[in-house]
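Chain lettering (A, B, C and D) follows the sequence in which the chains are written, and residue indices restart at 1 in each chain.
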Amino acid sequence: MTTQEVPAVRERVHTWGDPLATAAAGRDVDGLSFLQRMAAGEVAPPPIATTLGFDVREVEHGRVVFAMEPAEFHFNPIGSVHGGVLATLLDSAMGCAVHSALPAGARYTSLDISVRFLRAVGTGSGPVRCEGVLVHLGGRTATAEARLTDGAGRLCATATTTCMIFRPGR
Amino acid sequence: MTTQEVPAVRERVHTWGDPLATAAAGRDVDGLSFLQRMAAGEVAPPPIATTLGFDVREVEHGRVVFAMEPAEFHFNPIGSVHGGVLATLLDSAMGCAVHSALPAGARYTSLDISVRFLRAVGTGSGPVRCEGVLVHLGGRTATAEARLTDGAGRLCATATTTCMIFRPGR
Amino acid sequence: MTTQEVPAVRERVHTWGDPLATAAAGRDVDGLSFLQRMAAGEVAPPPIATTLGFDVREVEHGRVVFAMEPAEFHFNPIGSVHGGVLATLLDSAMGCAVHSALPAGARYTSLDISVRFLRAVGTGSGPVRCEGVLVHLGGRTATAEARLTDGAGRLCATATTTCMIFRPGR
Amino acid sequence: MTTQEVPAVRERVHTWGDPLATAAAGRDVDGLSFLQRMAAGEVAPPPIATTLGFDVREVEHGRVVFAMEPAEFHFNPIGSVHGGVLATLLDSAMGCAVHSALPAGARYTSLDISVRFLRAVGTGSGPVRCEGVLVHLGGRTATAEARLTDGAGRLCATATTTCMIFRPGR
């Protein structure tokens, strides 16, 4: 194969479902059940998940794991996965870890994320795994942390978050 | 048009150029010139920029502005743009603000980002604008901050970062 | 003077007023009036202010300035002012910047602080000045940022915070 | 005892040793040995430790525990321990956790701290305990995290940090 055969322009098609349907499936259901249904493929993932190519793998009370295969379309100008893509996985894992501990009717929103980048992720990193864990669950706020590791188990990024909780009838 | 005509599955095609070509264009050039060439369309944007649909609009020494049109494929399960997408814009704007102040041969890497989410961004928010500004430039590290505003000029998110600087011959 | 005259052990006395009296003076008063009374010496500063030797200098709506003379009793094991002392000033300036924008009856609490250290502060730094500014004031949360500069005006540390707001009758 | 007997003004005396002696004791010694000597009382603690009344209790490779008895002189205007005091403990525990893993001749400096406040600490909280743990040790940077708990073991604050490492002959 000659270098001319390497296409100068790459192309990718991605699809997603109606986000309102996913949002509706989450109403009136406790967070753990909702996320378990998503992991089982019974609820469509959010659009951003197929846009970036990540999905939820494990769900339990206070702990959620996401996975993603690093690809060229994730790259920053320096030739590695953009930190914002890693931040998206970390934010998702932490938010879902909080969500997994909420009763039906409660909602949450991330107030902030703090992300530390420890090792570059590239196409040679193997599939990355991102585990979010609930740290503190209070009446009005919750905090969580997450770790992202590469295919060899090496730590690539860590994060923490504070979420605001809206409980029904409060 | 009836509701049946709303497709259950949406589809999008995105393309990107060879990231190695972009990376090569950045070597041996000062950061400001490189980013100005990218803003002028003379250098291909990094793959993540077309994956998520954002681009660089203004570049000067220590200050870079990105813009993005919020779309459904950015959405989280709650029906708004995923915080990680905003983090990607904020990280890009801050990293480029640092890069714009670096001489030829110097490189940088983000050690961390701290992002605060102030207002949800949706398809009704209008195009968002994200301005990154250099705060401190030292020998080994630099810091920057960024603000993301919606089409009406309302503040939606803020961020700060510390980057490590690698200077040639050091 | 010989080196023997340098005492091996240093001693300092600090005093403070009843913190409940200060807390009581803040009830039923809007934040700006309360802080202006503190700056005028009509309300005792909080105990931590005299413990560490800092005080409030300027107060206006959404902006508060603190000042401190760096001293040996602030030092970490490396011979400069401990980062936690700078964090205390930054946290105070940001919290008061939020407080200065709150009506009577409203309360606030810091959910988090993110602090970046840019330059070591020592006894030769001259008096440091720490300015906190309100960035976002919402119904349930507010954010602020702060900058700490040395006697020569050089930036030594920056910080951001999110505070939770408790409004009366809500 | 009548309320008149409660003194309006409280007073405290604190002492500290020559910080240069402590700094000198740390030179040419690996971090673990230095911190173990400090825990054993063979090296004077840094001035800030006696100013705020905290001390090191446990030291091992990559893990350090500090303790402090909350007191009125730590208070903010709202009648609880100032967040900056907690930040000082968290920063100390994280910095020392990094230091404990460094060889003789290497130095470190904190680039930033990110602190989350989960529960107010007061004089009724009992002695607080702050454990710092090394998360990542690289050639040029290290990260650590810390948790601060009250006398009943309840989580009051968490933190993360990135430190820059200066290795000898590099």
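Operating definition for what follows: contacts are C-beta pairs under 8 Å (C-beta built on N, C-alpha and C of every residue); 3 or more make two chains touch, one makes a residue touch a chain.
The shown structure was predicted, so the numbers you read here are calculated from the model rather than taken from an experiment.
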Pair sharing more residue contacts (C-beta pairs) when C-D is set against A-D: C-D
Selected pair, out of C-D, A-C or B-D, that shares over half of its residue contact pairs with A-B: C-D
Centroid distance [mean C-alpha coordinates] between chain C and chain A, Å: 37
Chain A and chain D: spacing of chain centres that average the CA atoms, whole Å: 34
Approximate Å spacing (C-alpha centroids) for the pair chain C, chain D: 19
Overlap residues in chain D, where contacts from two or more other chains coincide: 111-112, 114, 116, 162
Contacting residues of chain D [partner chain A, same complex]: 114, 116, 118, 135-136, 138, 143, 145, 155, 158, 160, 162
Complex interface listing, chain D residues touching chain B: 111-112, 114, 140-141, 162, 164
Residues of chain C touching chain D in the complex: 6, 8-23, 26, 38, 45-48, 50-52, 72-79, 82-85, 87-92, 95, 107, 109-117, 120
